Amino acid sequence: MSENPEQQIGRLKPGPRLRAALLVLPLMAFIGVTFLAPLANMLVRSVYDPVVADALPETLERLRAWDGQGLPGEAAYEALAGELLKAREDRKLGQVATRLNRVQSGLRSVLTRSARRLRNVDEGPWSGAMMNIHAAWGETGTWRALREAGERYTSRHYLNALDLQRDSGGSIVPQPEDRRIYLTLFWRTLLVSLGVTALCLLIGYPVARLIAHAPPKRAYLLLILVLVPFWTSLLVRTTSWIVLLQNQGVLNDMLVFLGIIGDDGRIAMIYNMTGTFVAMTHVLLPFMVLPLYSVMSAIPRVQTSAAESLGATPWQSFWRVYWPQTLPGVGAGSLLVFILAIGYYITPALVGGSTGQLISNMIAFHMQSSLNWSLAAALGGILLVCVAGLYVLYDRLVGIERMRLG
Amino acid sequence: MTTTEHGFWHIAYLGFCALVFAFLIAPILVIVPLSFNAEPYFTFTDGMLRFEADAWSLRWYRQIVEDEEWSRALVNSLVIGISATVLATALGTLAALGLSSPAMPGRRFATGLLISPMVTPVIISAAGMFFFYSNLGLAQTHIGLILAHAALGTPFVVITVTATLAGYDANLSRAAASMGAGPLRIFHRVQLPLIAPGVVSGAIFAFAASFDEVVVVLFMGGIEQRTIPRQMWSGIREEISPAILAVAVFLIVFAVLFLLTVEWLRRRNAR
Amino acid sequence: MTRKTSMRRILVPGLAALVLLLGGRAAAQDQSLTLVSWGGAYTRACVNGYIERFEQETGIDVKIEDYNGGLAQIRAQVDVGNVYWDVVDMELPDMVRGCDEGLLAPIDIDEMAPGADGTPAADDLPEDGITECGPTNIYYSTVVVYNDGRIGATKPTTIADFFDLEKFPGRRGMRRSPLANLEFALMADGVPLDQVYATLDTEAGVGRAFRKLDTIKDQIVWWEAGAQPPQMLADGEVVMTTAYNGRIFNAQNLEGQPFVIVWDGQLLDTGGVVIVEGTRNLEAAKMFVRFANTARAMAGVGRYISYSPTRRSAMPLISTHAETGIDMSPHMPTSPENAARALHNDWEWWSDNGEEMNERFSTWLAR
């Protein structure tokens, strides 16, 4: 591609380049600190966790000499007893117990109970005392789990996020069936996003075409109808859908009133996948219509009429002449809707019930309820890679600088 | 193909579009009359449908105006929104000026990075920010939320200002420079007036983004940083009452005002 | 120059408001306390029953935030070292577990006030109502409720009816938590009350409870906040729901809702106020815990909502509802008639197994 003279000047003289870079620098620094650094920090968290290693250094040191068969020696028990008591005193026991529990469920209560009761034990042998407190201390698996939880760097959370784990031999195997959920959720998120994108395209395309080829005054009015929902608060729109779709909501009332369904046959349209789907389509539709509209309004009307005057049927002239020219808009709108859909959180959380939850809701769950932050970070990391990939694709196909708002 | 057949398809097409427009607008419109419900229900009562005067009331509006929590939320939303907007607009406008210069090194990459807060799923941004800002002691502070919202708002400013600058004729700067104007003076006297509509639109977008943001507030805000959307969130999840509908009507009015301003600016700019 | 002034017009008040807010926050810090409680009718009862009086007597401003149980948010605050909750109104199993994990501040029972009749606190309170991190204050119960206006001719009378979709078709509300639901499932499946926790202690028993829940899973609407079930019942969103008995009492008597409580198989719980470890307001927090644990405060709550006091000396102080004059005792979950088939929550089982069950429950829910 040949450069225009201005670009050549830019390359030759350092002045304008430096000035441009200096203008961008403050925002770059700001985004770097307030946005990119937090993301990087989160990604680190998905593979790095020093809590157990820091709390039980001596125990882990002793376990290094252990071959992983049978039980470790008395020294490991003694070290652990001391460090558990210390962790309890330092108020770190909860954090250690939580992490151990994630490697092998059930170990949380083993740890808290042991630490509570060890206060009454004055002297060794510690192995006997600890096995007395809880039989789990006499099992090889407990110690293996302890050793695994003590690793500072681990791929465990990513494996977990893909419904995988390491077995006792160290090879990667699927999680037991009743623990597998994330792949299903990723799959569901993908399907819902594709479905919403397709639906938005299906209903958005005719509307965008109508607006693009209407007389200016009317086009402006119709455009406002698309823009009002675009600008309206997401929470307001979600509330509206609850009002409309709930069991005693406007739509069900109307259907009952019209005699289409009985009062006891009200349809469950919300707090399930239907609710998520409908509300998401509503929220994302403007993001499809607007790019389509801006591409379509640049297509001269004469082209299709010319095709038709040459004997093409309206369908042929649409399919052969019009549609190919709108493809950039279709690409831009679909990618944008898809990108926004796969990271969707608020609407499913409010109207999705338990069956309409997507992967973002699982991230929120691990952030706020189970507090498995490393797993949340790993799930977030996978989602982030998907979005980043789509974003790069968008840039290649559409060009980020061509992104327009409203 | 006969005209009647053509006419039929055309009418079907118009009918379909009408349905889609109804789908877009009806949910927003339905809230307005319901917010005047005299009963604590989310649906039209018989009295409302028969237009009986006592089935309609302003009680939910009175409730939100009198409720201290909602007014505190409004103040929080405004303080956080305005501060974040000022920050985002200043930084975003500067960056847009740089990005629009053909001389900008690595322009494509820089643009991609600066727009990324807009396309990153907000749950991921919020999660990352929660850890990072907590470590810095900025969680549960207004400053933390202002910084976070400013970061999420800057792409809007960058996009709108860059769009306005795309129509900016660089010869104007050159002409001004040849008459002896310094860069600051050129910016202030020549560029700023021309890009002002883009800057204001960007600011409105950034403000609206902050004014509607709930996930970051959910993760990072404490009781002192409850904003309007945060308050609505717990309203929807927990104690749902038509008072929320009254708030929603206020927000719809806000949205329409924002929309009309931005469109007005856009048309002014296009002229 | 108009542009400049308009810029200033936006900037100056914004920044001024900011400075005021931040400054105001720092100044107010010393005399305020953040209490986290269950919201709605219960929080109102606490405010009327004792919090207002606490504020008047101590000059400490109590800010109240809503909470739906669990230790997650507290663990998050303690782990990242940013504690902004001071005191929390909490369920007993969480109190024990939070204490073990070092999330709650220890407080000695001897620091509590003696009973209304002068009995030392340790004797006035039931033995299992005292933890290292604070005493319990109320008995409350999770019960099955139906709306008499919508149920039809046959009425549910037992916990098994809740799971009977044939006799009572329609959606059910349940708390989005394994707590209480597992017990209900086993009781409905025919496990005798005194065997429920022994059954749950086995892998087979837990599986049995989940399988029973499976039979109604697609008919369940999950609630999180205590204020939701009465609302869902009133709206007809569900035909039956589990709920906290006090909320139902309020809906029945203050809003005139035709709700009926099925006391059979009620799950009786206790709760108390605890201090979050690392609070910046430890002294004020201790004052609050002590105040909330007085017989007078407990009785104050009991005059606004049907939750019984844990102190023996407090019950005689409650006679009628403060606003409507209704005799409170027949509405209390501990009244002999209501408690005839009550299951006492085994806090020890839940504090040991709660986390496992939460995990299992959320996996079960997401499938």
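A, B and C label the chains in the order they appear, each numbered from 1.
In the analysis below, a residue touches a chain if its C-beta (ideal position, glycine included) is under 8 Å from a C-beta of that chain, and two chains touch if they have at least 3 such contacts.
All of these numbers come straight from a predicted model, not from anything done at the bench.
**Q** Identify the chain whose mean C-alpha position lies nearest to the mean of all protein C-alpha atoms shown.
**A** Going by the distance between chain centres and the overall C-alpha centre, it is A.
**Q** When I count C-beta pairs in contact, which pair ends up with more: A-C or A-B?
**A** Between the chain pairs A-C and A-B, A-B carries more contacts.
**Q** When the C-alpha atoms of chain B and chain C are each averaged to a single point, how far apart are the two points in Å?
**A** Here the centre of chain C sits 37 Å away from the centre of chain B.
**Q** Measure off the straight-line distance from the CA centroid of chain A to the CA centroid of chain C, and report it in whole Å.
**A** About 31 Å, centre to centre.
**Q** Please report how many Å separate the Cα centroid of chain A from that of chain B, as a whole number.
**A** Measuring from centre to centre gives 22 Å for this pair.
**Q** At least two partner chains per residue is the criterion; list those residues in chain A.
**A** 246, 248, 368
**Q** Pull out every residue in chain C that's touching 2 or more other chains.
**A** In chain C, the residues touching two or more other chains are 235.
**Q** Pull out every residue in chain B that's touching 2 or more other chains.
**A** Where chain B meets two or more other chains at a single residue, that happens at 41-42, 131, 135, 237, 240.
**Q** Which chain B residues qualify as touching chain C in the complex?
**A** 41-42, 75, 78-79, 82-83, 86, 131, 134-135, 137, 139-143, 146, 192, 196, 222-224, 234, 237-240
**Q** What residues on chain A touch chain B, complex-wise?
**A** 4, 6-7, 9-11, 13, 16-17, 19-28, 30-31, 34-42, 45, 203-204, 206-207, 210, 220, 222, 224-244, 246, 248-250, 253, 282, 285-286, 313-314, 339-340, 342-346, 350, 360, 363-364, 367-368, 373, 376-377, 380, 383-384, 387, 391-392, 395, 400-401, 403-406
**Q** Can you check the complex and tell me which residues of chain B touch chain A?
**A** So the residues of chain B touching chain A come out as 1, 6, 9, 13-14, 16-17, 20-21, 23-28, 30-31, 34, 41-44, 87, 91-92, 94-95, 97-99, 101-105, 108, 110-117, 119-125, 127-133, 135, 147-148, 150-152, 154, 156, 158-160, 162-163, 170, 183, 201, 205, 208, 211-212, 214-215, 219, 229, 232-233, 236-237, 240, 244-245, 248, 251-252, 255-256, 258-259, 262-263, 266.
**Q** Across the complex, what residues on chain C touch chain B?
**A** Contact set of chain C toward chain B: 3, 10-11, 14-15, 17-18, 21-22, 25, 34, 39-40, 63, 65-66, 80-82, 84, 224-225, 227-228, 231, 235.
**Q** Taking the touch rule as given, give the residues of chain C at its contact with chain A in the complex, in rising order.
**A** Contact set of chain C toward chain A: 70, 72-73, 75-76, 78-79, 97, 100-103, 170-171, 176, 221-222, 235-237, 277, 351-353, 355-356, 358-360, 362-363, 365-367.
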